[in-house]
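Chain nomenclature is as follows: A, B, C, D, E and F, assigned in order of appearance, with residue numbering initiated at 1 for each chain independently.
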């Protein structure tokens, strides 16, 4: 483990915030992508069935 | 009443205007002031309580015309006036919806913006507290002003003009509360006055607002 | 075959489906490599101590924040001139990524500033310019959200992006003129950075590339989502008409 | 319970528009107000709805039994058709909106945001609102503006059904609604004479 | 000079509404557009007026010869009738507004602020605007909404006079305008059909 | 074009909203700030140039939605788009009308309000000059923002959000001009930049605004 010294809080907070923000963005991107994909497939199936 | 509240909140969300935008305005006023005043931290910190309160007040003010104007234009107010709920309930509900979409988010955002203006640390507690207790008065007074000007085409600026003098006591006590908090002076007097104004507004103004709307619908 | 072929939604969906796993994988590898290298295997700075490690996220995020805006500007121009839907949807998809990167730059800077400058926030020109950039992103996203019709929204946001870029450049200059600031004169100046170059610079470059690949991967995913949304909307509406 | 209007005088912009209007409207009856543009139909309906005070005369009916529909529909463009209707149903404390949707042929449009409706579709939504009020006296100001022939017939059917359930309707219109049983009241006869002011007679200036 | 519309497809909210509309309108002719609510009359008129681009097809006529009048009248409530009209006369570079006031029976109302007009009077003012444009092709969207019988006749007279001077008019309406010589085009036949989508066919999603 | 300008001015006068109200708003912001900040003359004088510029900017901002929104609602914009004058002329004229009813009165009133905020004497000249040269840019940028948001119901706050970042350079150079004037420093650079921004905006933005309106009318 690296020794962060008296600035440990600062460094870890910076990395923490970054990881949180990036993970938030990724999670949003993936969930929304999956939701839209599912909705589109359902819609296509319904419409090609009903003509 | 719940129906009306829910609808107003939905509309605020749908229009994309409710929460986000008055918050954004608050943010932007807070940002503009340093550009105008200059970047020195000391000066900024000294004027921060006042500027933050003025900013919150203006952000509140700008969203006031949403309270009744749209409902008047599209005839909803006519229809509500002939509906089975009293107009007093309507005005109080709409003020509440306004607070939920404006005053509450402003209160929550204010500490963050305090950082931008170098607000001294003890100020943060008092800023949040005074805004939480003062913004309901702003919404209720604003709803009254909006009711007075509802029939007028683009009453927006007239509304500001009417409402701002009414806002001054709230502003004075609110900002003073924060300033004294920052300087470590006793805050009891402005604090109690602030609470008094809020309670008084909520008790009386729904009736005045309803009366104003009745007159304006004629 | 011209490059514009990829502006066809169908072609784009095929190509991006093929490229996505590779880009994403590479992004994860470089990002993790760069950050681990930087975090665990670089020495502390003599003056800034371990806070120097923040540079491996701060600088890439700052670069991506401005870079994203340039990408949006280019994409908007392509839309206005050649009216390729994919291009404007990519701009729309990129905006939240740029916003996040700007926020990361701001937050890490603020956290870094607390021990270094003794304050969370100072009206330093670089910081200020970033704040303004953040506002531009917010405005751009808000305009997209506010407009119902997708083509109208595409046109208007593109015009906003164009005009906004001009004003962003003016703002940058204005802000520099207005306040000389702390950032440049801070404890780690540019030439010092170059002095210590090798120890800090190599992992820094790796994380910059990692952030860039992450951006590409996210833009691809989000653009695919936007295209699907667009089609979904059209299909739903058509179904209602029938 | 009847709607009775006795010797009513009404004003618009401080000027008398109609004087001496009397009418009564019992359950199951419909009355059509006619008269040229500007005679005062809108003003009369708003007065009866309690939205503005009369100059003189009396209106017998508690306002709690009236549903008013004016030139503007009170439709929120960002809410869907269902959401718009459901809001009014909750305000008026009535329950189900499905019959109203059906009666105005809005089922296919139910999930559309109101802003994407055409002029006539919007109007149909405005009329559907009447059906969810549960009120007995309908005051309608030009209800069929922008409606095509089929929709006018739909509307006439809704009015007839309302009358059959003991409701009543007072409607201002310029076109034929196709409701044969409706009586007609022409307002031309009640136009307020604009008398020359008596010199020094400041009283009437404040009428 | 003719107005020719060839094989026009138009869209509203990104969706095709009408396809394959062709029509021609020569000087001295009037054409009435009919069709149920929501078929796309408003959209068609706006497209021909150049306010929105067509999906495909062509419109032959420089936009500088068109006067459009939509659902909204462009009347400023605080300006008087004369001021409203004179503004449009100056914008279109024509001179005298007296004939227009006379033709629409607005002389008595000339000095009234537009906000104190009744619904029908406002509409008459909106129609008077057409007369001061000096344009030859009138595109009218439900011009007679709110008008009483006498005013509809007035309007019909104005249209006839316009046709006699070599003008032309394209009108969307649901009611009978009393212009016997007008041809009628029913838009129901041109309603856009919707085909089933090909899975993964992203091209068409951007119609 | 003259017809349009005259009509806009008449409307501003008739509505009672044009001159009077945005001026009044400016006045009230200038009054609120001392209430918020506290009455010490020194602090006030120091922040006066910035507050006056920010106040003028907000007063301008609040009246922006009048530029096109009313004309869009009542269909005038549709009719103007089919009229024989180019839309670029329309947007430029409307920005001019906005400046005449807002920027010009603000400029004239600013010195008076400067007294309220203890603005040091040399500041008055620079305040008036910088406002006179900067407010046209505010009107033109605002007209562009208004054109972007014209179709949207209550685009008011969105409009503020879009326009404020665009206003920042004007504000910085304007306020800096006054601040340097007060302190006796050279003012040439901010002054020239201010003029440059104004000229650039007037040259380019009418076209962007007209394009935005065409898109919005679809």
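Heads up, the rule we're going with is that a residue touches a chain if its C-beta (ideal position, glycine included) is under 8 Å from a C-beta of that chain, and two chains touch if they have at least 3 such contacts.
In this text the structure is predicted, and so the values were computed from the model without any measurement.
Engineer: On a CA-centroid basis, which chain has its centre farthest from chain D's?
Structural biologist: Most distant chain from chain D: C.
Engineer: Mind checking the rotation angle between the two copies, chain D and chain E? C-alpha superposition, nearest 5 degrees is fine.
Structural biologist: 180
Engineer: If you tally contacting C-beta pairs, which comes out ahead, C-E or B-D? Let me know.
Structural biologist: B-D
Engineer: Measure off the straight-line distance from the CA centroid of chain B to the CA centroid of chain C, and report it in whole Å.
Structural biologist: Using C-alpha averages as centres, the distance is 35 Å.
Engineer: Using CA atom averages as chain centres, what separation in Å is found between chain D and chain F?
Structural biologist: Distance between chain centres, rounded to whole Å: 44 Å.
Engineer: Between chain C and chain F, tell me the centre distance in angstrom, where each centre is the average of that chain's C-alpha atoms.
Structural biologist: That pair's centroid distance is 32 Å.
Engineer: Where in chain C do residues touch at least two different other chains?
Structural biologist: Residues 135, 138, 142, 146, 148-149, 178, 231, 235, 238-239.
Engineer: In chain F, what residues contact two or more other chains?
Structural biologist: 15, 153, 158, 161, 164-165, 168, 172, 218
Engineer: Can you list the chain E residues in contact with two or more other chains?
Structural biologist: 13, 71, 78, 197
Engineer: Using the touch definition from the top, list the residues of chain C that touch chain E in their complex.
Structural biologist: Its residues touching chain E are 8-10, 12-13, 85, 148-151, 227, 230-231, 233-235, 237-239, 241-242.
Engineer: Could you please specify the touching residues of chain C with respect to chain A in the complex?
Structural biologist: 39-40, 44, 49-51, 53-54, 57-58, 61, 96-97, 100, 103-104, 107-108, 111-112, 114-115, 214, 218, 221-222, 224-225, 228-229, 231-232, 235-236, 238-239
Engineer: List the residues on chain C that touch chain F in their complex, please.
Structural biologist: Within the complex, chain C touches chain F at residues 132, 135-136, 138-139, 142-143, 146-147, 149, 152, 155-156, 159-160, 162-164, 167-168, 170-171, 173-175, 177-178.
Engineer: In their shared complex, at which residues does chain E touch chain F?
Structural biologist: 46, 49-53, 63-64, 66-76, 78-79, 83, 87-88, 90-93, 129
Engineer: Can you check the complex and tell me which residues of chain E touch chain C?
Structural biologist: Result: residues 13-15, 192, 194, 197, 200-207 of chain E touch chain C.
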